[in-house]
Amino acid sequence: MDHPFAITLDTGTSLANHTGSWRTSRPVYVDRLPPCNHACPAGENIQAWLSHAEAGEYEAAWRVLTQDNPMPAVMGRVCYHPCETACNRAQIDEAVGINSVERFLGDEAIKQGWKFSPLETESGKRVLVVGAGPSGLSAAYHLRRLGHEVEIFEAGPLAGGMMRFGIPKYRLPRDVLDAEIARILDLGVTLNLNVKVVNILETMIMRGFHAAFLAVGAHIAKRAYIPAGEAAKILDAIAVLRSMEGEAKPLLGRRVVVYGGGNTALDVARTAKRLGATDAIIVYRRTRDRMPAHDFELEEALEEGVMMKWLSTIKRMDDGVITVEKMVLDATGFPQPTGEFETLEADSLVLALGQDVDLSLLNGVPELNIKDGVVQVGANLMTGYPGIFAGGDMVPAERTVTVAVGHGKKAARHIDAWLRGGAYEPAPRHEIAAFDQLNAWYYADAPKTVRPMLEMARRRATFEEVTQGLDETNALYEARRCLSCGNCFECDNCYGVCPDNAVIKLGPGNRFKFDYDFCKGCGVCAQECPCGAIMMVPEAI
Amino acid sequence: MTDVSTTSAVTQKLRFYQKGTFTVGNRLVSERERSVQASIDRSNALTCGHRACQGCGEALGARYAIDAAMRATGGKLIAVNATGCLEVFTTPYPETSWQVAWVHSLFGNAAAVATGVAAAMRVKGRGDVRAIAQGGDGGTTDIGFGCLSGMFERNDDVLYICYDNEAYMNTGVQRSSATPPAARTATTPAIGSEPGNVFGTGKSVPKIAMAHGIPYVATASVADLHDLERKVTKAMGIRGARYIHVHVPCPLGWGSAAHDTIRLARLAVESGLFPVFEAEHGHLTASRKIRRKVPVTEYLQPQKRFAHLFSSEHGPQQVAKLQAVADRNIVEFHLLDQEGDV
Amino acid sequence: MAEGIAFCRPEVVCAYPITPQTHIVEALGEMVRTGELKHCEFINVESEFAALSVAIGASAAGARAYTATASQGLLFMAEAVYNASGLGLPIVMTLGNRAIGAPINIWNDHSDAMSMRDAGWMQLFAETNQEAVDLHIQAFRLAEELSMPVMVCVDGFILTHAVERIDIPDQADVDAFLPPYEPVQVLDPEQPISIGAMVGPEAFTEVRYLQNYKQNLALRLLPEFAAEFEARFGRDSGGLLRTYRADDADLLVVAMGSVNGTIKDTIDEMRADGVRVGLVTLVSFRPFPTQALREALVAAKHVVVIEKSFAIGMGGQLANNVDLALRNAAGAPQVHSVIAGLGGRPIIRPSLHKVLRRAVADPWEGMHFLDLNETIIAKELHHVRKVRRSGPTAENILRHLSVGMQQEAAK
Amino acid sequence: MFQVRIHGRGGQGVVTAAELLSVAAFLEGKHAQAFPSFGSERTGAPVVSFCRIDDKEIRLREPILEPDGLIIQDPTLFKGLDVFQGLKAEGYLLVNSNKSIEELHLADMAAKLPDGHVRVSPATELALKHIGRPLPNVALLGAFAALTGIVQLHSVIIAIRQAFSGKIGDANVAAATAAYDQCLRRSLSFGHVETD
């Protein structure tokens, strides 16, 4: 345009002035590892499936979830969700209810009948999985998806392992468990029940398996020597819980004492209550804060009327009477006897002192290293014998369903690599997104949704599921509480707060890029990024 | 004040979407609900290449305000600028960063020039073209005060926006009548028992604007950009004299980190030192509630201009006085939910 | 005069009261109210600074803008005066010439116009109310042709408050002479520009040079417009300068504004006595018509510059400018500076006769103050020398005066 | 050129009088110029206004030092001020008063001037009677027309009507006419007296 000299200027001409040269440090978009993902024993990409869920794309969320874990409905009930313990949101109000959303997705999948997408290629390799517990099923699922032919040998009458024989119905309804197992089998996994592998090498050779994954679990109850008179009724927890799945329910009497401090002890005690026991007393030699069982489960047990006897060990059992000795904790926190005794009336005593692994199937396998009753494995979960891998409760690890499922996935990947004559290299992990890297201001206050609980009367009397699920509305709400720690969720803050318009928006799904021609490096974008996905890097001088 | 309602952040708390509710463009809400600044085709009325300092709050506030006004008027906008940082860093010959019809006349006459622009548009039958005047706190609360008051009193169809960074930054940080008490500037050195502007008296131009009874007065902050946009949009929907007073931190003048610009603005609001409210025809109609109340020290400490408050023996009394100022604001403008307003 | 301005169809008129221009804008305000003046925004502002600022905004937005002021008012808007010319905005402003205080004085002289003589505005001086009307019409044409502001200087009271016969032009003629305002730059959302950039050393000189260039163009345009004006309205108004009985004159008077009428009568009387005296009436003080003035003056032996203002500590601004016009001219006439009519003191023929004869017979150096009361000066100077705390000069002089008058009365 | 100087006090319409007189002259095709003794007149303060009437263009801008006609709207001004200053030998003097020239101690003054060039007009009284307010200016113009004949009463009346519409116009016209008639009668009676 033609106008007076100098005093009047054409618009936008300052674009010729590249202020980027002022910069001493530059903002860079980064992806950081969300603490929930980091904490998940099953290696779920939690943030990713939450981000689908919060957009209402539940099937997409479920598919992302099941890339790592084939049993969300089970997980959403039995997982102790370390993800929520790690969740940064806990430092704002409360952790995101990841577990409840997972359960919602799992239940939704069952309701909608979502299936796993069929696999493209067959590798022609055969893999044997021993044990249809969480670890075995997980391994079978992953191996199958990797194109291998999978057969499961299960000694028991039903698949599920500890999920079925160790976890009571009121925590995990069997129809849910069956549905998720069936979906895995639908992938073309062969399941052989009531088949106990006695010699693994022999079985592999005879059946022509190229590799094996062992996940037989830990089913042999640990015993403790307790002097007992005639007719003293002493049972073990695993047997009690297993018999719950059969026709004949166990007879525990009206006064039941459970010995031990683990989750199994609680399960038995709560089961006893439901079976009609008037008193269910747990005897544990240490204090509540040292109890291995999860506190929320203890809470539920106490609510249901289970009683606790802390700092006590059982000395002997005579007909209907149990003698316990009081203990004190020494400086190291170890219980020491006091010599003080008292008695408890009991119709039966259930020992819940943990379980051992039945390793008989490994007889004759060379190069194996067995320590503390479990098989030692490498980082790739392979035993000392090439081609034989192991996971779940039979290897040194925390004994939870989720850990087991994680083992299954991990083993599958290594087995796959091994079968292809290579080694599986997990992708390098990003730095964890810590809370102080976030800008919590931008998240609205949104307290966690409380999962509804079954009313007390029915909790005490029936085996109906205690904890209910979320409905679509609050599942969505819960998913949206996710902070997307360490990963851009396209909130446009950087784009909006840049005083120099030096952020370029690339459109939905494509995030942003910096216009270093104009970015002065003030760092407001990094400071105001809610999820800590921008890092300031000094410019090279 | 029973008709005071909450605005912005606090009302959004109950919105269904959660993730990044207060961010510029929450992807979970519709394009329309997002900030103008979230839009890929925003007008960038103040575009790249300007010479503002790193982390300039005024540059940010001005782009938000003018872009919002551009959207509200469909681009039919003429902006008048008072002398000051904003003018100098945007239009040094031969480059201008403005992408809107813009004129700079003098330090003290922006309101009057805008009055002339509005009059010209009326007489030319272009009443659809709206006039905005903008200036810093010096050009507004001091030297431009006469013209501003005249524009208010005549109820001219002008929106005047003051970008308040609490001193004459363009000339090297001298105190203005908008400089808070106890703040150190080049002309109020941190010397003696009572450095800085005096406590007790002072000049609240928003309140003075209210006293003119004009249709709309509002304060806003770069700490709540949705709120700032909403107010500009609302103002452009009203005819007559309107005034918006925007709090814009200045890293240079405040002695703060460039990246702390928005954070400091936020702390000013959350501490109660900068009350964010709206008034119509002289009456307070709404105030933005404090979300997470903080003591004034959280706002003061990161700023070198207040450093003496934390080193000198007189510091504690002065901090207490500033806290008292914040507490008075909280009561006067109903900044907390429990201030008993609807 | 207001009527004449109304014929120019101003679109924005800004008003702030100051004697002696107030009644002009009052009248315009009324015309807008009655609808006599259509398509015009009349704005009562809160100060002269705002008055010109509003005009600046209106003009930048493409409207024909007008305002009026005087004396202190002009000083109060000084910053905007420079700004309007710097931005090249064709604003027309009436200046009802009045003295500048202190001592406060509401009467006529040219100190106010002179205070802004270098502000980049064009300054035209009216000799009669008729010419005042005509100059406004030409001023708008000139301002908008060059996109430069014009100040029309009209002697306070002497003209602004005089009632005399005026030919009111016909609207159609004015419209034909003054086409609608077509700005060279305008604030327009459809074609946005930034007006009023900060210009540094690299371009500031050029900006100023171009302002000066425009004023040089005005030296050519003013006579053209005056001729065109005369052709249409039949009146010889405006231009750069006018001469009266100057052809054979040995002595030429140079003056601006209403005093020219009195000088003409004086000249007729002196001519009757055979004195070859003539007059050069300067209409355009800015741009200063150096060339035209030199040609008009160079043949004379004596030039007496009579002006209603002077730069304290230096001398008459007009006289100095006239010197400039004659600089290095071969056989240039002697220039004699007369300061007259300050603060409204009447300039009367007897005094003019005296000073003009003396310029030839007994020339002086520097300034001659017409009708200066020597006695009072002497008394006051004596008083000041005697007493340290001599008090305010103005009040002292008034006291001397009243004493003098009582003595007169006593006689 | 005929020059008139009007003395009065602020609020008595001194300036208006000069303007009306100049308008009356316009109406008769003459050139005329009216202007005040420039200043911010305050009610009651002594005020002067001027009017020039000529057949050719009037260029002169100086105050009137040697009037051909002098109108004194307020006789109390005689004290302190030399209102007669510069009055031409052939000049006219018109004074607003109910008193006689003798009572006003103007006999000497009258003697200096040609016969019949000095008149007293009860303008305030007439104004109060017709207009209801003590504004002698318009009435005096009527009388001045009668005294000097520099303008016709008819022109004065049109000028008045241009300035004041409706009732006020009528009232002023009435006052001016009355003063005009009275002034004519007086001249006759005076004429008679002087024949003694």
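Think of it as A, B, C and D in the order they're written, each chain with its own count starting at 1.
Keep in mind that, in the parts below, a residue touches a chain if its C-beta (ideal position, glycine included) is under 8 Å from a C-beta of that chain, and two chains touch if they have at least 3 such contacts.
These numbers were taken from a predicted model, which means no experiment stands behind them.
Trainee: Decide which interface, A-C or C-D, involves more C-beta pairs in contact, and give its chain pair.
Mentor: Looking at C-D and A-C side by side, C-D shows more C-beta contacts.
Trainee: Would you identify the chain whose C-alpha centroid lies closest to the centroid of all protein C-alpha atoms displayed?
Mentor: Nearest to the common C-alpha centre lies chain B.
Trainee: Find the chain most remote from subunit C, comparing centres computed as mean CA coordinates.
Mentor: Greatest centre separation from subunit C goes to chain A.
Trainee: Between subunit C and subunit D, what's the gap in Å when you average each chain's C-alpha atoms?
Mentor: That gives a centre separation of 35 Å.
Trainee: Measuring from the mean C-alpha position of subunit A to the mean C-alpha position of subunit D, what distance in angstrom results?
Mentor: Measuring from centre to centre gives 116 Å for this pair.
Trainee: If you average the CA atoms of subunit A and of subunit C, how many Å lie between those two points?
Mentor: The separation of the two C-alpha centroids amounts to 93 Å.
Trainee: Using mean CA coordinates as chain centres, what's the gap between subunit B and subunit D in Å?
Mentor: Chain centroid spacing, subunit B to subunit D, equals 67 Å.
Trainee: Among the residues of subunit B, which ones contact at least 2 other chains?
Mentor: Counting only residues that touch two or more other chains, subunit B contributes 90-91, 93-94, 96, 98-100, 102.
Trainee: Please set out, as single numbers or ranges, the residues of subunit A touching at least two other chains.
Mentor: 6-7, 9-11
Trainee: What pattern do the touching chains form: line, ring, star, complete or other?
Mentor: Graph shape here is other: it fits none of the named patterns.
Trainee: Mind giving me all the chain pairs that touch?
Mentor: A-B, A-C, B-C, C-D
Trainee: Which bits of subunit C are touching subunit B when the two form their complex?
Mentor: Residues of subunit C touching subunit B: 11-12, 14, 39-41, 43-47, 49-50, 53-63, 65, 79-80, 83, 87, 187-189, 191-200, 202-203.
Trainee: In the complex formed with subunit A, which residues of subunit B make contact?
Mentor: 12-13, 15-28, 34-35, 37-38, 40, 44, 46-52, 54-57, 59-60, 63, 90-91, 93-100, 102, 225, 251, 257-263, 266, 291
Trainee: Would you tell me which residues of subunit A are touching subunit B in their complex?
Mentor: Subunit A reaches subunit B through residues 6-7, 9-19, 22, 54-55, 441-446, 477, 480-484, 489-493, 495-502, 505, 507-508, 515, 517-518, 520-524, 526-528, 530-531, 536.
Trainee: For the complex, give me every residue of subunit C touching subunit A.
Mentor: It is residues 86-88, 147, 184-185, 191-197, 199, 203-204, 206-207, 210 of subunit C that touch subunit A.
Trainee: Provide the residue numbers of subunit C that touch subunit D in the complex, in ascending order.
Mentor: Contact set of subunit C toward subunit D: 19-20, 106-108, 128, 155-158, 161-165, 258-262, 264-265, 344, 346-349, 409.
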